[in-house]
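First chain written, first letter: the chains are A, B, C, D, E and F, and each begins at residue 1.
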Amino acid sequence: MLYRGFLLFCCVSTMLAQPAARKLRVISFGAHPDDCDYRAGGTAAKFARLGHQVKFVALTNGDAGHQSEGGGALARRRRAEAQEAGRRLGIASYEVLDNHDGELLPTLPVRHQVIRRIREWNADIVLAPRPWDYHPDHRYTGAVVQDAAYMVVVPNVCPDTPALRKNPVFLYHEDEFQRPNPFRPDVAIDIDDTFEAKVSAFDAHVSQMYEWGPFLDDALASVPKDPVARREWLRKGWFSGPPAPAVLKALEKWYGPRAQTIRHAEAFEVCEYGHRPTEQELRELFPFLPQTK
Amino acid sequence: MLYRGFLLFCCVSTMLAQPAARKLRVISFGAHPDDCDYRAGGTAAKFARLGHQVKFVALTNGDAGHQSEGGGALARRRRAEAQEAGRRLGIASYEVLDNHDGELLPTLPVRHQVIRRIREWNADIVLAPRPWDYHPDHRYTGAVVQDAAYMVVVPNVCPDTPALRKNPVFLYHEDEFQRPNPFRPDVAIDIDDTFEAKVSAFDAHVSQMYEWGPFLDDALASVPKDPVARREWLRKGWFSGPPAPAVLKALEKWYGPRAQTIRHAEAFEVCEYGHRPTEQELRELFPFLPQTK
Amino acid sequence: MLYRGFLLFCCVSTMLAQPAARKLRVISFGAHPDDCDYRAGGTAAKFARLGHQVKFVALTNGDAGHQSEGGGALARRRRAEAQEAGRRLGIASYEVLDNHDGELLPTLPVRHQVIRRIREWNADIVLAPRPWDYHPDHRYTGAVVQDAAYMVVVPNVCPDTPALRKNPVFLYHEDEFQRPNPFRPDVAIDIDDTFEAKVSAFDAHVSQMYEWGPFLDDALASVPKDPVARREWLRKGWFSGPPAPAVLKALEKWYGPRAQTIRHAEAFEVCEYGHRPTEQELRELFPFLPQTK
Amino acid sequence: MLYRGFLLFCCVSTMLAQPAARKLRVISFGAHPDDCDYRAGGTAAKFARLGHQVKFVALTNGDAGHQSEGGGALARRRRAEAQEAGRRLGIASYEVLDNHDGELLPTLPVRHQVIRRIREWNADIVLAPRPWDYHPDHRYTGAVVQDAAYMVVVPNVCPDTPALRKNPVFLYHEDEFQRPNPFRPDVAIDIDDTFEAKVSAFDAHVSQMYEWGPFLDDALASVPKDPVARREWLRKGWFSGPPAPAVLKALEKWYGPRAQTIRHAEAFEVCEYGHRPTEQELRELFPFLPQTK
Amino acid sequence: MLYRGFLLFCCVSTMLAQPAARKLRVISFGAHPDDCDYRAGGTAAKFARLGHQVKFVALTNGDAGHQSEGGGALARRRRAEAQEAGRRLGIASYEVLDNHDGELLPTLPVRHQVIRRIREWNADIVLAPRPWDYHPDHRYTGAVVQDAAYMVVVPNVCPDTPALRKNPVFLYHEDEFQRPNPFRPDVAIDIDDTFEAKVSAFDAHVSQMYEWGPFLDDALASVPKDPVARREWLRKGWFSGPPAPAVLKALEKWYGPRAQTIRHAEAFEVCEYGHRPTEQELRELFPFLPQTK
Amino acid sequence: MLYRGFLLFCCVSTMLAQPAARKLRVISFGAHPDDCDYRAGGTAAKFARLGHQVKFVALTNGDAGHQSEGGGALARRRRAEAQEAGRRLGIASYEVLDNHDGELLPTLPVRHQVIRRIREWNADIVLAPRPWDYHPDHRYTGAVVQDAAYMVVVPNVCPDTPALRKNPVFLYHEDEFQRPNPFRPDVAIDIDDTFEAKVSAFDAHVSQMYEWGPFLDDALASVPKDPVARREWLRKGWFSGPPAPAVLKALEKWYGPRAQTIRHAEAFEVCEYGHRPTEQELRELFPFLPQTK
């Protein structure tokens, strides 16, 4: 199936006709019911506050993510936590698919779940992890979203769900892995204004933040009992570092000198397999970026 | 299974004894019944004109590649288009395997299909896409040909088809993707003399060039009705650009100063998983390259 | 499942409390019953001589690795060869799993085999090939060990085998492949003192070294009949070259000026998906490296 | 998991408390978007006319069922035909799942699709083909509904969809196959009053009744062009025979002497894997059966 | 592979040379960690008391069998319950394989698990459910043990585990399903003397007998708190009925007139796919049957 | 997909127009390269002698069927044996597919292999084992041929191979298994005139008849060395029994009183999933049956 070369001579009209008025539709995929929050929670809250439609999708139900709970009971607990996290971020939807945690593979059934979610959301922007990450579920989430990237426009695939007529922009979540190639922050977002909402969303994942994660780090004893104290503990543990050097550089590109004052940021890399936006399109897709005139 | 290190001390005799007289056997794999044409059609025609044996193989039957047709009927239409394209290129065979379009995965059955095709063709050269590409079928075509690369010499694998005694040279088709690493044009071929045959082969894929592709680009209305006009439209749409900078550089390496005059080229990257040819072997394998004395 | 970020604020106590007294536990995965020997045999023998526990695991039974034998009979022959090779290296265990040679895929059942082996061995160090290699079984061994890397600490995965409380250090075997990125020798080991044991282990794989390998290289006639002579022939064929330039550089980093005198070395790259050791930790994990005071 | 034996001592309260007032919920599974119509269309219409909720589910999208069409386009055509057929029967829902026609296997993903449909419908009655039938899709529909039969009450399976607290009654559609054992009509329904609706539903499947089916029987030329005539042709072709002898006997059991006057009937066999109804429960579940006082 | 016909002319020597002295080796497969107990617990205890070696194997870890627990934690709880049940029966081993409950399929990896268990146990007798049962895990346990039945003697299958030289006798557990054909009690065993051990083994499965099972039957409130009372409740609930008529008839065949006094029995059907024992061999294999002189 | 009912009113013209002149096309599937010989070798030879076209297909390559050989080498040996056996029977083709022995499952790729073979052979008659048999490969051969039975007429399935316009008659090979239902000899063939050819075909499978089979029965020592003697030994061992009682009855039906004199017979059961022949059609399909006038 040939496709790309064709674009060379097609007169591509502006992708977004009236950016100011337009409501954007954003969908973010993660492997587990807290992954999107960590990598895109602040940006999602920014979209939501401007009235755009944001949906998070966890490809697994998280039923392996605990030291002493598991199965359907844990899945139901985590679904409820995800709902609460979504509420705190102000996003329109947080869907948790019912695939086993720790067993995700880039199969056709999972690919089709992704294709249908993107189409049904009529997404302008699709976010997902890169296929390079420490957790196999994360890697295969990245792989399967890549596998869906072009297919969302092919009507013969998943014919029960009308195909999109335009390929969305696909962007990768930030990560710190270097092999086979490091994450490249094509766009970086100042989330200082929604940072508390992000921490609050994190705080909603009680099973993860205050039980399973600390267990893994042999730090259960250090988790404060008091709700306020433990949220503070959470903020400090997860978010006390500055942006990575490459992200800082990207912030400078997009925000100019004031980048130095930004304390919390999220960054994204354009995936080559979806629509490849111009810089101007990126400004339209992330309308809270400083707009050039 | 250890293998490579052994080569360090084996006295490898020249791979090709009498290059001048020898008929080369070339096989190219694509995901769909037009992919090989785009990436290797001009080179294939050059081989064919010199009397070498070229075979194209599409790993899927293309049954998803249309906005309003599909299934077996579309597969049959595309098989006929492929046959016609092969005829126009002058190649010996254009085989379309009957796997579903849009559902290719690097499974053992598909790997075995590839192994058998390479062995039966007794290939000197195997061409395929890289496993990095916008279309999952393309990526998995690359992956599955990689998976076959060494196995073609192992008699216990697919024992019904005699194993090759020498590993062919595997080369990747050109693409423009940068992640995780860009295509590296190890060899670049001037196809100006067969360019019209390549356009003509493209023109044979009516369902793709004049229906499905333009539909995807919202350009159906711009497709000329007149056969001559639409072929011109096709040529301009797909092939009006110059070679990529890296390809141009490779042309200079292989063709010297006259590279600047070359308007159409195809390029290939040596895959590390097959036999790794010396520069001299590459000249013997692509006998239309300027030969050093 | 979030995990990594958490480490940023946890006070990680020294990983290895009493390095001097401690017995290390090392496990190395290969695709076939000779792969570990080639990439880690010398290092394994060094560990073993110091009283550390080393286990080699071949993920396939090698039943395709011969020109005229195959199936269960060949698998049994190769298992016996592996046992003998393990004996010659002095390692504690050489396990050969019963998956078909030439058909390995990174499935959940194989992943679980790997997870259980790592846990049962209570490994400090896990060695495996990178997922880039000429042989698909090698690549998928790399992939499936990556897929196990984090999962060894998750109790809900393979709950019949107690999860580790600390993620081991995962390291890749050396290889010479360049795409998508070359092997990076994070640590390099002088194996001159165990080199003869490594050659001897190689020599135990009679079916591979003196039958199948030479057959592949059309060199059967050159294999000496005499046991002493053929071992010499083996040594020369496989191990006569100097360390690769990057490995030499790594030797210089770890051994200082005396690196120039090292004739045989093995090198490893830290995998980002397991525990990421500091340089000091690497010295503790490879106690035969020169220790800084 | 033990379950059945337990029932021996449990005091089972009457399954249906107030049969008269209660609205029953019926779901029928077929392989293709016309299978339920043929085997249960008349009964479904009877349920619907009494205000009960009936849903038909086709497990495949029918994209192989035509001599010259196929793929997504055919799937969409057949989905529309199914909607129209459902409308003519008066049932509440006709869902067509997007699995390939001719490729259905009893996999876990398909099983989970079935479990969720039964739970979401909160079904009292589940209808499906037996796993013995000429078409593999029919057989595997039967197998996969069997595989779901007990699982609908297990909360740890598909935990995103609340489990039923009572196992529905599962019944098989009638068929004429004798091996390994013939269909046993445990209940038979007089459908003379809804027979025309059933024929009308059949008539809605234009692609099947007037194109694909006649093609298979080499009878395309005999299909009348006139809508009224072709419906008559359809009625005669499909429904002119009397009930099978065993069904007639079942009609006598349930309807007494007036069974002889019944011209069209549908029959069902109780599946041992769901709740096993008493005769009284069957009367409550099929409230249009003559009620004993 | 031809095999059976051969037996027609082979002079088969008596299978069991010295029945009196010989220690029999019995292995029973169930889907979940209580299935074997229910269908063969009494017989197993009889074997054990005579010094024969009995092993129970659950093919799944039971991690779905509870209303509010699940995953690894439940699997560990059930493994411990199974160990305790095995202890109470006096059998040599109760192994719980780590496949997901509710997801068992007759795949090659599971088949190989079964083959290895039978070989390692060097079984004379293999017990398993029929492939007809209400629970899909039960059915597929039956199917996969059938799939292993002949393979245990083929050395090329699972070559890491020495093949048996004689096919064991395979027998099905009793069940009450009628389709496609009812269970046929080829042999029936009086278990009155081990009945209390069987009840005691049942009682060890606390999660199943007093939590999950009663939940399914809406009978949680009726479970006594007192350990003695609840065991009595268990005995009454599960085992108060008389043997099924066909089993009673089999008891008469094997025990003669005293069959009428037997209150608890277990019955087995000879599977045609293993060695087919003569009546005399059955007496030797079940040495607690009345022996003919 | 509805199909069968349609036949009720279609005027089916005689299936075989000119039986006398017509050359029949027969294809038989077995799991291993000797299964067809045993169950249909005599009948195949009769067809062949009358000039009809017969093809045997083994779905696996038999690479597990030996005590000391295996893999590709054994597969090649058995392919050669099959070729020789086919030659001795006089049939047109004996194809051995390259699936692993002992690992056959009724997957879609294998189903498609079967569909293509039946179509390419343009078969009138398809023979295969029942899905009830001691060897899993035999059972799954039966299952997968059933799965192909209707699909051979559907053009959208395997669209690269033109669909048949008429469904062949499918018949099962004879076997002796009783559960869930015994084999029913719908037609029985006197093969006394081709019996020696059948024995001779058997004799060609040296690896099976004189090595692997006797090994399984602990009878290796009893195999004569002399070629003539061992063939006699083979004949006696495999074929000394009379036809089974049900087959004898079938012979009487088809041959009348002379059935008593028939010493060797083969029998077949009509599969309900293909075309269901009338008695007259069966006589036309087996033209060596006594013809009624």
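FYI, contacts are C-beta pairs under 8 Å (C-beta built on N, C-alpha and C of every residue); 3 or more make two chains touch, one makes a residue touch a chain.
As the structure is a prediction and not an experimental result, all values here were calculated from the model.
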item: Shortest path length from subunit C to subunit E (each step joins two touching chains); value: 1
item: Subunit C against subunit B, contact positions shared by both copies (same if over half, else different); value: different
item: Result of counting contacting C-beta pairs for A-E and A-C, higher pair; value: A-C
item: Intercentroid distance (Cα basis), subunit D paired with subunit C, Å; value: 58
item: Whole-Å gap between the CA centroids of subunit D and subunit E; value: 36
item: Per-residue multi-chain contacts in subunit A, two or more chains; value: 63-64, 66, 70-73, 155-157, 159, 180-181
item: Chain-level touch network, classified as line, ring, star, complete or other; value: other
item: Listing of all chain pairs that touch each other, if any do; value: A-B, A-C, A-D, A-E, B-C, B-D, B-F, C-E, C-F, D-E, D-F, E-F
item: Contact set on subunit C toward subunit E in their complex; value: 61, 63, 71-73, 75-76, 79, 96-98, 109, 112, 155-161
item: Touching residues on subunit B, where the partner in the complex is subunit D; value: 63-64, 66, 68-74, 100
item: Subunit F - residues contacting subunit D, complex; value: 1-10, 108, 111, 132, 146-147, 149-151, 153-157, 159, 165, 180-181, 272-273
item: Subunit D partner contacts - residues on subunit E that touch it in the complex; value: 31-32, 34-35, 38, 62-67, 70, 101-103, 105, 133-137, 139, 176-181, 208, 212-214, 216-219, 236-238, 240-241
